[in-house]
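Okay, so chain A shows up in both of these, paired with chain B first and chain C after.
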Partner chain A sequence: MTTVPAEASAPPAPPPTSRPDPEKPKRRRFPWAPLALLTPALIMLAVFIGWPLVQLVIMSFQKFGRAQIFGAPPEFIGIDNYVAVLTDPEFWAVLGRSVALCVVSVVATMLLGVAIAVMMTKLGAVMRTAVSVSLLLAWAMPALTATIVWGWIFDTQYGLVNWVLTQVTGQNWVGHSWLIDPASFYAVAAIIITWGAIPFVAFSTYAALSQVPDEVLEAASLDGAGGFARFRLIVFPYLRSILLVLLVLQIIWDLRVFAQIYALQSIGGVRAETNTIGVYIYSVSMASGDLGAGGAISVVLVVILLAISGYWIRTMLKEES
Partner chain B sequence: MTARPRRVMSRVLLNVAALVVIVSSLFPVYWMVNTSLLPASAVRSTTPHWWPDEFTLSNYQEALTDDSLLNALFNSVAVTGLTLVVTLVFAFLGAIAVSRFRFRSRTSFIVAILVIQMIPAEAMIVSVFRVLDGWYLLNTIIGLSFVYIATVLPFTIWTLRGFVNGVPADLEEAAMIDGCSRTGAFWRITFPLLAPGLIATGVFAFIQAWNEFVFALVIMTRPDSLTLPIWLRAFVQATKATDWALVMAASTIMAIPVIVFFLFVQHRMTSGLVAGAVKG
Partner chain C sequence: MKKTLGAVALIGASALVLAGCAGSSDNGGSSSEEGAEIRVWLVGTDTPQDARDYLKKTFEDENPGSTLVIEEQQWTGLVDKLTTSLSSNDSPDIVEMGNTQAPAFTSSGALLSLADIEGDLGGDDLLPGFVEAGSWDGTLYAAPYYSGARVVFYNTAMYEQAGVAVPTTLDEYVSNGVALAGALPGVSGVYFPGKDWYNALPFIWENGGEIAVQDGDEWDAQLSSDESLAGLAQVQELMTKASLAPKDGDETEGWVPFRTEQSATYSAPSWAYWSIVADEDKQPTAVADTTGYYALPGMDGGAAQVFAGGSNVGIAAKSKNPDLAKSALEIMLSDEYQTILAENGLVPALVSLGDKVAAATPELATVIAEAAANAKLTPASPNWADVEAQGIMQDLFVNIANGGDIKELATAADEQIESILNG
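And then the complex of A and B:
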């Protein structure tokens, strides 16, 4: 590990002067050792996340277009960018589409994921291993390659879906484009997103299910509780907190989905009618060159996501203390 | 599972459902590999080839002799390697600090980690682009790696912290009583026990950097600085999605390292989250 020069500046060991018990919380001296250990990480975070975040907020209050990219000094225009963005019907259309896609994908992912987890608890060992391995492979697939493969499966000319539909319905589906029409574009996108997200939900839920104590379930069934009652009264309370965390994570991930949409637009599909919020930020700021407006949309997205993830952050903190 | 006899019917239904899950999870992966092993003429036929009956490696040969792909492959390997090594070192130091020492700003540091975790890359592209532009880091492997390191660090510190917490400080103290120095106790006792954690976080950093799309799209725009995902996307668009055999070969080349490494650490990815959430 001597290849990284930056490492040399951060000694891995604390100075030998601090001999007393390291776990004693009462230390009056300034915490030099942990600070020194944290310095490299803090510098990276400050420079490549903190500083851009500050810039982002500043930029969202500036007129920052092509002229400024080429060196003209940016001019502060107050909340004009926000006004322009929030009164732009396209922004609301994009936001609406993102939310709709997110809701459909999240609902499908959660329902199927939990169903598969419950199914896994009831399967024999061989089948359960087979299901785990298949889910694992789907999970490991990079989002971009998954999108491209699904794009191939839904291909207009030689795609498998059109071939199967032709065989099943007897009508000729060859040449039917799934990506031109925004509604079916989103249907394909939702399938890709859900396919990639189910394994995480299924595995997490399955792991939580396996922590439900068998004795309690047995006791309940001796007391006459049926399968559904057992699930509702015993299993579900165990699952509640993990399901909420999964739900929040899925909402966040699906709301900011980028690679799948952007790649699917490259395969086919009309960009202007299929943008979701992430892709919209990219097209406003990079393609159109209006970094000020892109910054304003970004700030709005950050605020929305942080509001949603407040619950998740609280959960993690509670666990911490 | 109850030992009561179940109706055969529900047993069958259950296994059919399991089969459906297996097939729909596996099929796209299989179809990618299958298509990549077929000649372009077979891919462009009216009836699908369900297995590589006209087996050929020509797509891989073509892909791996394509200069632009090799260039993208090199960029991806360089960015991923740099990200991996630097992240591991920095995250390791940071995790020790957060876990082994108590200091006043510790909680706020953890909150900061979680908040940063939630800031979407999509919202950062605008300003990261501008900041890197100002420092002449656009289209450079170092520039992109630095951004990846910064985005991966919060999670890796968080995960490694869990591993460090799992090694009781008593072990170190016992070694120190037996005459080890503090540093020696750490390197001889704690460090070896952390190896699984370092592997897990390393694989996480690898997968993130290898798959990352949004930042690479914005930062690496010159044709010779594309990373693999960006190259693949551009290639699909440039060929108007016609040469699926070659595209699938390139996709397989990109997916295989991720799948292999992923299988190593999959256990860690769920257990941490679940253990915490179920207890709460």
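And then the complex of A and C:
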């Protein structure tokens, strides 16, 4: 199975060059080969992403409740769902919270991820392997499982954190709930999200770091540049494009985070005060059975995410050209 | 450009390969009735193992070649899960749901009509309140499964040590709880986690309040009425002064602190008795000889109005084998199966088996009967399941447990409940 994509990943062969015919003007042949190669991907995208997306958009203009889920014909109601969603203060509160959580998690993930990558270049072989394996394990752990385990760590009665705090401070922390206060809930959520996202950033950055030519760094250090100056002036420009991609991906992932928040809410906390946009969409669509309104919120989120990624991709392409 | 094309081609190729893998493994799910597999969703650990074994064995004996698989679900998030799974092509055949959640599914066409087999299931012998919860427009879609009356369990040794007696009024229940917590450090006088809203309802009802009342076509939420507020104040006193349970914890496995002697009083469905006196390995627990029980006392003595928890069970409209599913459902409502439930402390779905309840402990049977006689339900609206699914009642009591302002919280909850019920 792994060999097939490897073969396919070779760039498509250049179109067979027919003998240059000096008499006729050059006519470009229709690029059949790339099209043929594209078709499978396009079909998969259309079936698994395109069609549901179309349905979602249609649904967002319909009154689509639990009866419709089970077969009753839906009724078109124009932009009513959008008006209801955009005038609902709860939607804006949820969106604000999601953005705040996203900013904190992304900043923490990027800083720690890059720091760990730099550290890995300085480590000896044994320690580097140990760090790599630990990162890989964290990356391989499903978000849901990780959240349950973190939930035990922060457990009100039997949690590790409360026990350690009791031992260290001498005060009684047992019974302290880490999830009941929304700010503290989000702090725990941010830790879990960051913990799960760091390995990807660290590995990607580490790979990019190995592309930085040693001779340039050597020349710089001969010119008297210190460690930090070398990183800022030489390493960082080499990493720039990959860091941009990572940043966009992290923003998208963290903005629509679902599993961690949903699982934490089932452990503790006040649901209404800790919903983020992903959980909110699920709650509106599934728990309340209002797929119309849920669809409208989803479309709004898609637009926001497209705007973010569109902006970054444009910036990136400009820089590359 | 060429690189981009190459990358897209790679995605396409790998997608095809992956699709190939997925396709080859997906050849189950035959639609014939012969030799089919019936999937039964039971929720929580409420259904005893004996009953599960009986169901599987009886079904497979009666329908040679077919198998029955029981898949255990969680109460948390059940409405969401049923909404997604009952509408999917991979729907289970038989589903259990909470009686207060049933209207969301009976009213939406998610379940198969049981009108043709209602007589075989028990007919007039079925628990009337649960038939009502499982019917829509006069047609039965979800049959009663069992009911569980709420009973108060207490640690007789701890009551003696703290010098309190079994309370005779609700006020005394509250003051006893606080006294117990004061006399026994590190022990909950009453174990009362914040999300346990079922146990909070009697306080509202006994003080003369309601969750919501129907006024013509409109629902009028009543949590912020003076009567309800008096009840909520009692709940807050218990949660903050008598209970060491997590303020945002839920009631699942509440018997663990009770049987490990970390709480003196514990109100739960009657079948919790078996989890209190024996642990997971069937070994007797520390409280096996010191567990007493009483029905929650009302405002003026007698038994309080408690929440009539329980389950309904229906057949998915999308079930591929409706006839087999019906024969399995008939087993679940047979005298033999329901007797097993009754002997394990559940109130059976068949009224005629009522005297079989928890025959192991006759005193407990009396207490259960006392509590069941005064049981009460949540507002009878198909939208009530949405109030539960959004966790509005849980959020309310978590905030109350955390010492919030009762009037403010109740007013906000009323607004939300009205907007959902009238939505």
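Heads up, the rule we're going with is that the second predicted complex is superposed on the first by the 254 of 321 C-alpha atoms of A that agree within 3 Å, B and C clash if a C-alpha of one lies under 4 Å from a C-alpha of the other, contacts with A are read in each partner's own complex, and residues count from 1 in each chain.
Convention: contacts are C-beta pairs under 8 Å (C-beta built on N, C-alpha and C of every residue); 3 or more make two chains touch, one makes a residue touch a chain.
Every value quoted in this text rests on a predicted model; they were computed, and no experiment measured them.
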**OP:** Mind working out whether A:Trp152 is in touch with chain B, chain C, both or neither, as first, second, both or neither?
**Re:** first
Original post:
Is A:Trp92 in contact with chain B, with chain C, with both, or with neither (first, second, both, neither)?
Top reply: neither
**OP:** Could you look at A:Met286 and tell me whether it touches chain B, chain C, both or neither (first, second, both, neither)?
**Re:** both
Subject >> Partner chain in contact with A:Val270 - chain B first, chain C second, else both or neither >> reply: second
**OP:** In the overlay, work out which of chain B or chain C sits against more residues of chain A.
**Re:** B
Original post:
Is A:Leu306 touching the first partner chain B, the second partner chain C, both, or neither of them?
Top reply: first
Original post:
Is A:Leu37 touching the first partner chain B, the second partner chain C, both, or neither of them?
Top reply: both
Original post:
When the two structures are overlaid on chain A, which partner does A:Phe70 contact: first (chain B), second (chain C), both, or neither?
Top reply: second
**OP:** State whether A:Phe236 touches chain B only (first), chain C only (second), both chains, or neither.
**Re:** neither
Subject >> Intersection of the chain A residues that touch chain B with those that touch chain C >> reply: 1, 4, 7, 10, 12, 34, 37-38, 40-41, 44, 69, 157, 266, 268, 282, 286
Subject >> In the complex, chain A residues that touch chain B >> reply: 1, 3-4, 6-7, 10, 12-14, 16, 18-19, 21-23, 25, 27, 31, 33-35, 37-38, 40-41, 44-45, 47-49, 51-53, 55-56, 59, 69, 116, 119, 121-123, 127, 130-131, 134-146, 148-153, 155, 157-158, 160, 163, 174, 195, 198-200, 203-204, 207-208, 211, 221, 238, 241-242, 245, 252, 256, 258-259, 262-263, 266-268, 277-278, 281-282, 285-286, 291, 294-295, 298-299, 301-302, 305-306, 309, 312-313, 315-320
**OP:** Can you check the complex and tell me which residues of chain B touch chain A?
**Re:** 1-2, 14-15, 17-18, 21-22, 24-26, 28-29, 31-32, 35, 43-48, 85-86, 88-94, 96-98, 100-104, 107, 109-112, 114-116, 118-131, 133, 146-147, 149-151, 153-154, 157, 169, 172-173, 181-183, 186, 210-211, 213-214, 217-218, 229, 232-234, 236-237, 241, 244, 247-248, 251-252, 254-255, 258-259, 262-263, 266, 269-271, 273-274, 276-280
**OP:** Using the touch rule from the top, collect the residues of chain C that touch chain A in their complex.
**Re:** 2-3, 5-17, 19, 21, 76-77, 79-80, 83-84, 86-87, 104-105, 107-110, 194, 244, 246-249, 317, 386, 389-392, 394-395, 398-399, 402, 420
Original post:
Mind pulling up the chain A residues that touch chain C in the complex?
Top reply: 1, 4-5, 7-12, 34, 37-42, 44, 65-67, 69-72, 156-157, 175, 177, 179-180, 265-266, 268-273, 282-283, 286-289
